Structure formats: C-alpha cells, structure tokens
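Some structures are shown below for you to check.
Shared between the two complexes below is chain A, which has chain B as its partner in the first and chain C in the second.
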Partner chain A sequence: MGDIWRSNQREVIAVIVLAILLTLYFSTHPSGPTTYVMTIWANQCLILGLAAIAQFFAVIVRGIDLSVGAVMALTNCIASYLIIGTGLEVAGGILVVLAVGITCGLINGMLVVFGRIQPIVATLATGSLFLGIALLLRPTPGGSIDYDISDVMTLDIFGIPTTLIFALGIITFFWLPLRKTGLGTGLYAVGSSEQAAYQSGISVEKVRLASFALGGFFAALAGLFFSFVTTTGDAGIGPNFTLNSIAAVVLGGVLLRGGIGTLTGALAGAFILKTISSLMFFSGLPPLAQPLLEGLILAGAIAIGGADVLRVKNRLEVFGK
Partner chain B sequence: MVLSSTPVVRLSGVSKTYGSTKALTEVDFSCFSGEVHAILGENGAGKSTLIKLIAGVVQPTEGKITVNGKELVLKNPSIATSHGLVCMFQELSLVPDLSVRENIMLGAPGTGFGWLNSKVVPQAESILEQIDGAHIRMSMRVADLTLAERQQVEIAKALTRNPKLLILDESTSALNSSVVEKVFKLIRKQRELGVGVLFISHRFHEIEALADRISIFRNGQYVETFDNGAFDYGYIISRMVGQRIDDIFPPKKVFNTEAEEVLKLDSYSWKGGFNNVSITLRQGQITGFGGLDGQGQNEVLLGLFGLLKNTAGEIQIAGHSVKITHPKQAKAPDLGIALVPEDRKTEGLVLEQSIARNLELSALGTKGVNALDPTIYQTFLEALELKCNSLDQPVSQLSGGNQQKVALAKWLALNPRCLLLADPTRGIDVKTKTQIYALLRRLADSGIAVLLLSTDFEELIHLCDDAHIFYDGEIVSHLKGSELTAENIIAASLNIQTGGEVHG
Partner chain C sequence: MKKLLLGLSIATIATSSAFAETYHPECFVPAPGTSIIEKSAKEGPYKIAFVNGFAGNDWRIAAIQASKAWAARPENAANIEKFTVVSVGNDSSAQIAAIDNFIAAGYDAITFIAVNPTAFEPVIRRAERAGTVLVPFDNVLDSDKIVQINESQFALGKLKAQTVMDELGGTAKKILMVNGLPGNATDRDRRLGMMSVLEKVDGLDIVEVVGNWDTGTSQKVVADALATHGQFDAVVSQHGSAGTINALQAANHPIVPMGVDGENGVRMLMADLKIPGVSAAQAPAMSAVALEAAVSLLQGHSLPQTVYLPIPQVKSKNLQAGVNYFPDLPKSFNTGTGFPSCFKPFSPQELLGQSIDNT
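Now for the complex of A and B:
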C-alpha cells in the first residue's frame, strides 16, 4: 500500500485538488451543477486535456513538444473542410484528421531520433511549419463541421457529459492497458534512464518514435474536439494550447525531466487549469487580475514539485548529474 | 573439469578503438559452457570493453565474435540477450523510476512493444528469496532501493533471461559476504546446468572461491589463461602489473616531514560516501589517493571543495579549523583550495567556449585576482606547452591532453595553497602526462600541497611522497616512501593486507 502511494502521490494530490476546485466551482456557479454547466465545463477541460496528453507523451521520454498547438490548429482547419456531408464522408474526414496528426508526430519523432535534434528545437521548427500550412488552408476563420456529429460528441448521455465519458474511456481502455505493455513501460524506461533501457534490450529509437506519434495522435484528437465545440476552422488557436499543455502536465505531476508522471495526471492537470480559469470568471475578480492569480497558482504548484532539490546531499546533483 | 568442444562465445582478433584510444587490441578469447571464467586486470585493462562487446552494447572495430560456433554481429543488447548472452552490468541496467516488477519484465525475452510477460515475476521472486532478498517487494521503486538491493534485483533479472552465458561485471560489489555466498550457490547451480559464466571481481577471495579458470588482461591486451589455483597471488599480481616505465616521472626529493601543515582532516566523514578520513598534508608534499574506482576518494575531494552537505569531522587549513560550504569560499585566497575535477569535459571546462574564457572562469569573482589579465595564466600555459592556434579557439577543438592543460592552468592562476586533482591524467598521452608530472613536482617544490587522486598506481609510486589507499569509503592503508610498491597498492586496493601501516 505504501509503495502504491509513493509512486502515485503526485496524481492523487492532483485529483484531490481537482475535486476541491470542482466543488468550489459548482457551488459558486450561479446556476449550480446542471447538465448544461457540466457539459460546457467538461468540453473545455477535455480539449486542453487531450493537448496535455499529447504533451505528456513528449515529456515522459524526456522531450517537450512545442508543436502541440500548431497540430491542433492544422487538424482543426482540415476538419473544417472534410468533416461535413454524408456519414461516410464524416467518418473518412475524421480518419484523415487523425492520420495527419500521427504524421505530424512522426515527423517530430524522426527529427529527434534520426536527425538528433533536441525536441525543443525540432518541434519549434515543425510547429511553425504546421501552422503555416494551417494558415494557407484557412487564412481567416471559417468553414463548418457537421452538426450531428458535433452534437453527439459535445452534449450528454443520460445527463453525463459525453466528453467526460470519453476522458474516462481513454484512461480505462487506452492508458491502463498500455501501462501493461512493453511500449508503455518502455516510455518510462527511456525517460528515466536511456542507458538502462538500452542495456535492458529496449529499442530506444522505436519507443521515442512511437511516443511522438502518440503525441501527434492526441494533438489531432484535441483539434478534432475543438472543431466539434466551435464547429469552425481557425488557424490562430495554437499558441495558447501549447503553453497551457506544458503547464497542465506540470500541474498534473509529470516531471519535465521525464520518466515520472501519468496520463491520468496530465489529464487532471488540464482539468485543474481550466477549472481555475472558469472559477475566476465567475468569482467577480477584475478580469485584468486573473492572469496574475493564475500565474501565482501555477508557480506555487511548480515550486512544490521542485522541493526535492532541498534534499540533495551532493550539490552537483542539482545540476542534473 | 571437461570442457565442451565449442565455446559459448569466442572472440578472434577483436580490437576496439574509441577515437584515437585503443581499448582492446587483437584479443583472442573463449569462454566455454559449464565453466566459471574469471577475468582479472587493472583499471583500464579492457575488461569492461570486453564485456560490452559480448553484451552487444558496443561493436568491435575489428575481428569477429562467434557464439556457439556461429559468427554473429551483436548489434544491440536485445540481440545479444536473444542469443543467451546476458550481462549484469557494473553500471546497473535498472530503471530508477520503475518498480521492481516492471524492471524485471522490461525487455524480457519475446516482449517487444506487446503485453509484458508476468510469468517471469514469480521466478524472480523465488530467486530473490534464495539470495536474502525476500524483503524486496515487487512494488517498490528501484530508486528507493539501496545499492545492495539493486544488485540483488539485477541478479534476479538476469537469471530470468535464460542465459547461456552469464556475465557478472562487479555485480556483487555491494553485497555482504553471506549474500555473496548465496549468490555463488546460484551461480554454481547455473554452471551445473551448462551455463557459461564470465566473472569480473576485484575481490581475490571471491575469484578463488568461484572461478574454474582465470584470464588476465593488461593495457587492452589478452595476457594468458590458466586454471584457478595454478598460481599464487604474487604471480597473478605481477602478471597484471607488467613492465613499468621509470623516466616519465621527475626525480623525487627527500620530503621535509617538519614542513608547515597546510591541510589536516580529522575523522572527516560523509554518510554513504566516506568515513573517518584522517590525513595531514604539508607544504611541498604530494599525497596520493589510491584505490579502486568509487571507494569514496573522489567524494573527499568534492567535500573539501564545498560540494557536499552535512559532512562530519574537522578540516584544518593552515592550523585553523574551517567549515567549507561552497566552492566560492573554498577558492577564496584565505582558504586557497583548487579542485581540478574528474570529468574535464563536463565539470572542468565549458567546451564550446574559447580557451581564454575558460581560463577566466575560476578567477572571476576571486578577491585580489584580475581575471581579465592574460599574464596570470601565461607562465602555466608555457610550462605545460599548451598547443593551440590562438586563445580564442574553442576548447572543444583541443585534444584531451591540451584540454586538461587548460583545466589545470585556470586553477593554478589563483595561486592555491592546496591543489586537489582528481585523476588528471586519465585518458591522456604519455608526453602530456610527463609535462603534468613535472609541473606538479615544481609546484610542490614552491610550497603548494598537492592531493592527487589517481587510479594509476604508477603515479602513486613515482610521483607521490605518500599515498592513502581507500576501500569501501575508508582509508585502509597509508603507504610511505619505500612502502609505495605496486604490490602493496594493489593488495591494499583489494583489501588484502600485506604491507604498510594498516588502519583499523
């Protein structure tokens, strides 16, 4: 029991913080926890949540992905052309959008693995590239998304927001099984100690590639849900999501040095971040003071995560030795 | 003992070079199934390279490797494992952030990206039980385990891989003797099953207890193989030592034992690193720190330079008791300590910066020294004959020897009273070594006290006035004058007590 707590404490703390914030949010919201309020909240949270999962897959293998927002923008713009028409056309459009995301992730992965370029530089470059294509596709916001599929994905099932069910589905049917596979364990091994992973017979290169591909896939999912919520294409959505996805994974207990953290944590971090901004929106705080307060909360959360440094006995270890 | 006719693994004419340094030269070596084959050699003899080649971590520059009669290219560790070549590495192959269970399953045969094979877990648990590791829970994070516990897990992990050849590279170094005995029992059982075992250890009595045959390596070359028990320690050590070179060292002077004290340590300790270190260092004295890698000697130097927290015991500089908590304090003129660190590429220099910028680094922020005045470095650069196009050249373009000269000169410019050096000649050509030795002797003659950590016993013998040999974080032997012999140093490093003043 102690061991399970030790290895999951960051996620547990994140989930507890989320529960407190949520109670606060629904109790201060003028109309209370109605299905409508819940759905709006869950939709907003899940979009950032998916972006955070995309970021998680880069960070867990000791990387970072600055192209998450750009992939979202690109897939959102493509969706605004393709996800419309007959059921078959819509389904095909969704598949194309997801394939584009995986391709973007693979490009990032290949630059990092075969080009030996640092992830931060590689994804900075590809981010501009993806954004450029998105801008060519949609110089100004426009296009439309099939309303039926949008409604199905963004409303509720028996009073429970569809997006919330979707989030639980990702955890139960994707993440938990993945943790029991060689790939899932390999992600942590590569992020924690590349040398140990290699000497244990793990193909470090394939794991990195797979991780970035998964990142691209989830960035595309984020772009897709953004499309369902807004039902339009907009190339300018990227920058906010990139930075917030990094903040979310940190809040969710994922260490930027790689090897520690979970997808659930990243998701919880994103939900926390979105709930804080929603809370402030209804709290009556002057809007101009909100970024300051958000920043303080974020800084505090990160400081707690860095407290380990105080326990170091050899000062050289602070420098990542 | 009857050996099978085809060796499990055979190396023919294998050489391995890293850049310009030769780690192994034309080695012919075989290990058969059903034998425990010990490999002996000094630091840098090529043992680790040999093992990395067989485990598929590195590939030979020349020559071929044959496994069970078939010539193979061992491109990576997973290919080596699939042929039954399983290694327990000295630098452990466990992932710190994963649990014991996940580490055992990681990379198990036939896993790939698919479902992990949980069948190996009960197998590992039963092995752990047999080697006093029953208290290690499968759910524990490896980062929370002690070094000894990690070695136990590493052993369990390797044995679940169905080895045909099991390689143990110092894999019992942290285990106590009763656990080691149990591990040996397991290894002997593997031998009965026909598994070949390659065994590297610095503990002679372990080799005596376990090995069937012994091979000796020296300076990257295979020397000879003989049956365990055929020769005594004296012969084996002399084969490990080989010939010596005398004229690369400057002549020693008679050391003045009444000279002023510069540094005195009394029961200096740091939990988990070193214990009860007491030494006295006088003006003009060159004192050596010897012993195998990682016995705590480097940590003592780090502590003296203010890099460790919570050290115990007393440090006296020139008769005054001091507490050193930061490198800036250590290098200030009132203490005057300088440390040339172990790894010049990461700790000693900023590789991308120019020589001039690197030289300035330690002088910056030191009282009474003008870092921007190039003349303060000049004498040392000249004495060391630094070869460069100009001082604006990036340090990364220099050879290893010239890099070390820069790392030395930047500290000498501060005129330290006590110079700490961590293996300053590792991986450096003989000519540069000679220059460094000559300079160190001259510095000592001018009154500086030098503390030289070295893994090369020749340096301890020919350059040092006296030497402290470390074993497991403690000084086990203090050798002076004529006691400084290769035999005494090696014996003390391995904690076989023969000569000198034996502590504790």
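Now for the complex of A and C:
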C-alpha cells in the first residue's frame, strides 16, 4: 500500500485537486451537473488534455516540445479541408490528419536525435515552420468540418460525454498497456538517465524517436478535437495551447527534468487547468485576476509535489527514486 | 380573375410593407439585401450575458462599460433579471464553451464579439434548439441565421473620403491615405469605401501608407510620407489619427481637410487646430445596441438580419467641448458613447462609473 502511494503520489494529489475543483464548479453552475454542462466541460478539458499528453511524451524523455500548438494549428487547418463529404472521405481525412501529426513529431525527433539539437531549440524552429504552413493553408479562419462526425465526437453517449469516454479509453487501452511494454520502460529509463539506459542496452535513439512521434500523434488528435468543437480551420490557435500544455504536465506531477510522471497525471493536470478557467463563468471573478489565480494554483501544486525533497534525510533518495 | 389579381396585389403590398416595418428602423438600419428575423415573444425579465473575447484594449473596455451602463439604466433594468459579462481571451473553443455554458444555465440572450467568424455554426444550432437569442456585434459571423449588429466599414471609409472631397470642392491633386492593419477584412472594407470616392476624382494622386490603426505607427509613416511627397491637399486616416495630426504639425504642414477617427484626443486636436473635416469611428457603444436588439427580439419584434448602425460622426464645425469631446478626460477616451438614433448617448460619467470586471 505504501509503495502504491509513493509511486502514484503525484497523480493522486492531482486527481484530488481535480475532484475538489469539479465539485466547486458544478455547485456554482446554475443548472448543476447536467449532461450538457458535463459535455461542455469535458470537450474543453480533452482538447488541452490531448495537448498535455503530446507535451508529456516530450518531457518524459527529458525534452520539451514548443511545437505542440503549431502542430494543432496545422492539423486543424488540414482537417478543415479534408474532413468533409462522404463517410469514406471523412475517415480518410482523419487518417491523413493523424499521419501529418506523426510526421511532424518524427521531424522533431530526428532533429533532436540525429541533428543533436536541443529539443527546446529544435521544436521552436519546427513550430514556426508548421505554423507557416498552417497560415499558407488558412490565411484567415474558414473551411468546415463534417457536422455529423463533429456531433458524434463532441456530444454524449447515454448521458456520458463522448470526450470523457475517449479520455478514459486512452488511459485504459493505450497508456496502461504501453507502460508494461519495453518502450514504456524505455521512456522512463531514457528520461531518468540516458547514460544508464544506453549501458543497459536500451536503444536510446529509437525510444526518443518513438516518443516524439507519439507526441506528434497526440498533438494531431488535439487539433482534430479542436476541429470537431469549432468545425472550422484557424491557424491562430497555437500559442495558447503550447504554454498551457507545459503548465498542465507540471500541474499533473510530471517533472520537467524527465523520467517522472505519468500520462494520467498530465491528463489530470489539463483537466484541472480547464476546470479553473470554467469556474470563472459563474463565480464573478474578474477576468484580469484569473491568470493570477491560475498561477497561484500552479505554484501551490508544484510546491506540494516538491515538498518531499525537504523531508528526506538523504537527498540521494529522491534522485534514486 | 379580377379577385385573384386584387388578392395578389394586396399580398404584394403586405410583403413589401412588412419589409419596411422592422422594429425601430431608424436605429436598426437594414443592410442592403438582408432578410428579416422574428422570434415569438417571451415573458421578461430576461437573463442576458455578454461574452467578450480579448479584453486588453481601450475599445473593448469601453464596450464592456457601455454594456454595463445600458443595463444600469432604469428603463432597461426593468427588463433584466440578470446581466453577466465574461471575457474569455482569444480562444474560439473557450468562447464556444462560454456561450454553451450560458445556454445551459437558461440565459435568454447572449451577445458576443466573435473571436473567429466561422466557428459558431454548431453553437448557433444549439442556441436555436434551446430558444436562446444570439446577437454578435463588431466582429460578426459568416452566418445568415441570426441578427448581427455592426457599422458598415465601407460606409465609414466612404464618409471620410466624401467629406474631405466636399471640403475641397471636388478637386484635389494629392491625398494621403493612412490605412489600418493589412490582411484584415475591416481594413479592406474601409479602404474600398475611401477608394470608391477617391478613384472618381480626375488626376488625383493617392499616396497610401500603413498605420496599423496605431498612433505611434501612424506618426512615423506619415512623417516619412511627408518627407518624400511634400504637401498634400487632404488626409484620410482609419484610426490612430492623433499620430497623423502630430506628424503634420511637426512638419509644419498647412492645415488641410481631414477624415479622422473618434478618439477624444483626436477631437481635441481637431478643435484646437481648427482642422476642417469629419471625425467618425466604430463606436464601442454598439455593445449596448446589441443588448437592445437582443431584448427587442425577446419581446417579439422583428429585426433585419444584418444591421448597419448609423455611423456616429461629428463635422469639425459642430465640435463642442463637453458634448461630443471632453477636454478634461483622457485622450484615449472613446467618444463613441452612443448612437443618437437608438437611445440617448451615455454620458462619460455613466460609462466611467462602470467597472470592467465580470459581474
């Protein structure tokens, strides 16, 4: 029991904070937790959640991805051309959008692995590049997304928001199995100590590449869900999401120095951030005080996560974990 | 046969008169070729929200203050159960979520300045289903299903150019045009409005510079234009006109007719220097007209789908301190405090008494 607590401490704290905020939100909302209100909330949260997962895959291998927002903008703009028409065309469009995301991630990964460029610099450069293409595709917002597929993805199934089911599906059918594979272990090994991972026979290069490709894939999914919610293409959506995705992973207990944290935590962090934003609708908080409040919660959550460093007798224990 | 013809002609009269009879037509002026929207009346008082996007400039803050000043007037307060303002930032998905939240909370009407002109089709359908009235203004949508409130940007540009040409008696050799932010539909339409007048003037040399709607940028580019082109017969400026006037003064340029924006500081300069011409702008008080439109729709009145408000304007000979400009208020104060044909313009005290916070 103690071990489970110690290895999942950060996620548990994040989930508890989320539960408190969510209760507060539903109790201040004039219509309470109806399916409609839950769906609005879950749609908002999942978009940032997917962006946070994209960021998680960069951070876990001791990197950072400043192109998450740009990949979202690019895939959103491509989606606004392709996800329309017959069922087959829509399905094809979704595949193309996801393939573009994976390609973007691989480009990032190759610059980092073979180009030996720091991730922060490499993704800053590719981010401008992806944004440039998005702007060429959609100089002004426009285009449209098939309404049927948008409705299916952004409404509810038997009263439960589809996006919430999707989020749970990612954890159950993607993350938990992945964690048990060699790649799952490799992510943590490379993030904790590249040297040790290399000497243990892990192919550091392959793990890095796979990690960035997964990041691109989830950034594309985020762009796709943004498209389903807004049903239009807009190249200007990026900057918000890049910064918030970093805030979300930190809030979810993922350490920026790599090797510690989980996808579930990143997702919970994103849900927390968006729930805080939603809280202001009916709380009467001034909009200019909102960034301050977000910052305070962010700082508080990181402080709680880092508090164990102060308590241990031997600091090496922390680094050895 | 005769009866049929008679019936037909009556029917034609009925439809054509229905066209003329939208509610309060001197305020809610129909745009050319627009349709009419009417909803069944709802019992008041109403719950209304204003969902703003970006909040970080003077115009948006003035718009928020005007909406609150409108809701505070006793004749409107009687119709309102609750009035809420939120600013969600430049994120269209967040603005959609905010509108959805107010629909879910049972609000009767929501006004908003759209972050993105194309992203609201699904939320319009959800509002329709819930019986919530949506009224976008300023940045309007590519939609013909809901009532939208704006000024005609083409008419605004045309007004400025026409006024300076009238001042010059219809002939001029060289004119300076200070444009806004390139690549923007508002800039494009205002420029086209100006060109529609200026292109018809024989032998007119039109010099265009990009002022980005910004006082500092305008001052710099106008100074450059004066250095290379010398003297102009007239100047038309979209916004940031204070910079344009300052640059002209710094270069000892003689006073010429000008078409300028509606900032308090610009009108102060216009009055002090006795510059002939017109001051007109996109007035932030249209946030209040949008609320007025929302309440009218809820009361069952019919309105044009696209409303082009009569542009608030002052010719320089009609400038009057304390009435249409205010020497004791900041230069950045926006004089677009109302649309006289809609309701009594707000006094500066009414506006400045309103906080910019969410309520």
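Please note the rule applied: the second predicted complex is superposed on the first by the 304 of 321 C-alpha atoms of A that agree within 3 Å, B and C clash if a C-alpha of one lies under 4 Å from a C-alpha of the other, contacts with A are read in each partner's own complex, and residues count from 1 in each chain.
We adopt the following convention: a contact is a pair of C-beta atoms (placed from the backbone, for glycine too) under 8 Å apart; a residue touches a chain by one contact, two chains touch by 3 or more.
Keep in mind the model is a prediction, meaning the values are calculated, not measured.
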Query: Will chain C clash with chain B on chain A after the two structures are superposed, or do they fit?
result: fit
- prompt: Is A:L106 in contact with chain B, with chain C, with both, or with neither (first, second, both, neither)?
  reply: neither
- prompt: Is A:T185 touching the first partner chain B, the second partner chain C, both, or neither of them?
  reply: first
Query: When the two structures are overlaid on chain A, which partner does A:A14 contact: first (chain B), second (chain C), both, or neither?
result: neither
Task: Give one of first, second, both or neither to describe whether A:Y147 is in contact with chain B, with chain C, with both, or with none.
output: second
- prompt: How far apart, in Å, are the nearest Cα atoms of chain B and chain C after the overlay?
  reply: 37
Task: Would you pull the chain C residues touching chain A in the complex into a rising list?
output: 55, 86-94, 96-98, 100-106, 116-119, 121-122, 183, 185, 356-359
Task: Spell out the part of chain A that touches chain C in their complex, as residue ranges.
output: 29-31, 34, 36-37, 40-41, 43-44, 47, 139-144, 147, 150-151, 154, 226, 229-232, 234, 236-237, 240, 277-278, 280-282, 284-288
Query: Which residues of chain A touch chain B in their complex?
result: 3-4, 6-7, 180-183, 185-186, 188-189, 191-193, 195-203, 206, 210, 259-260, 312-316
Message: Which stretch or stretches of chain B touch chain A in the complex?
response: 55, 57, 76-78, 81, 87, 89, 91-99, 102-103, 105-107, 111-116, 137, 139-141, 144, 270-272, 299, 302, 306-310, 347
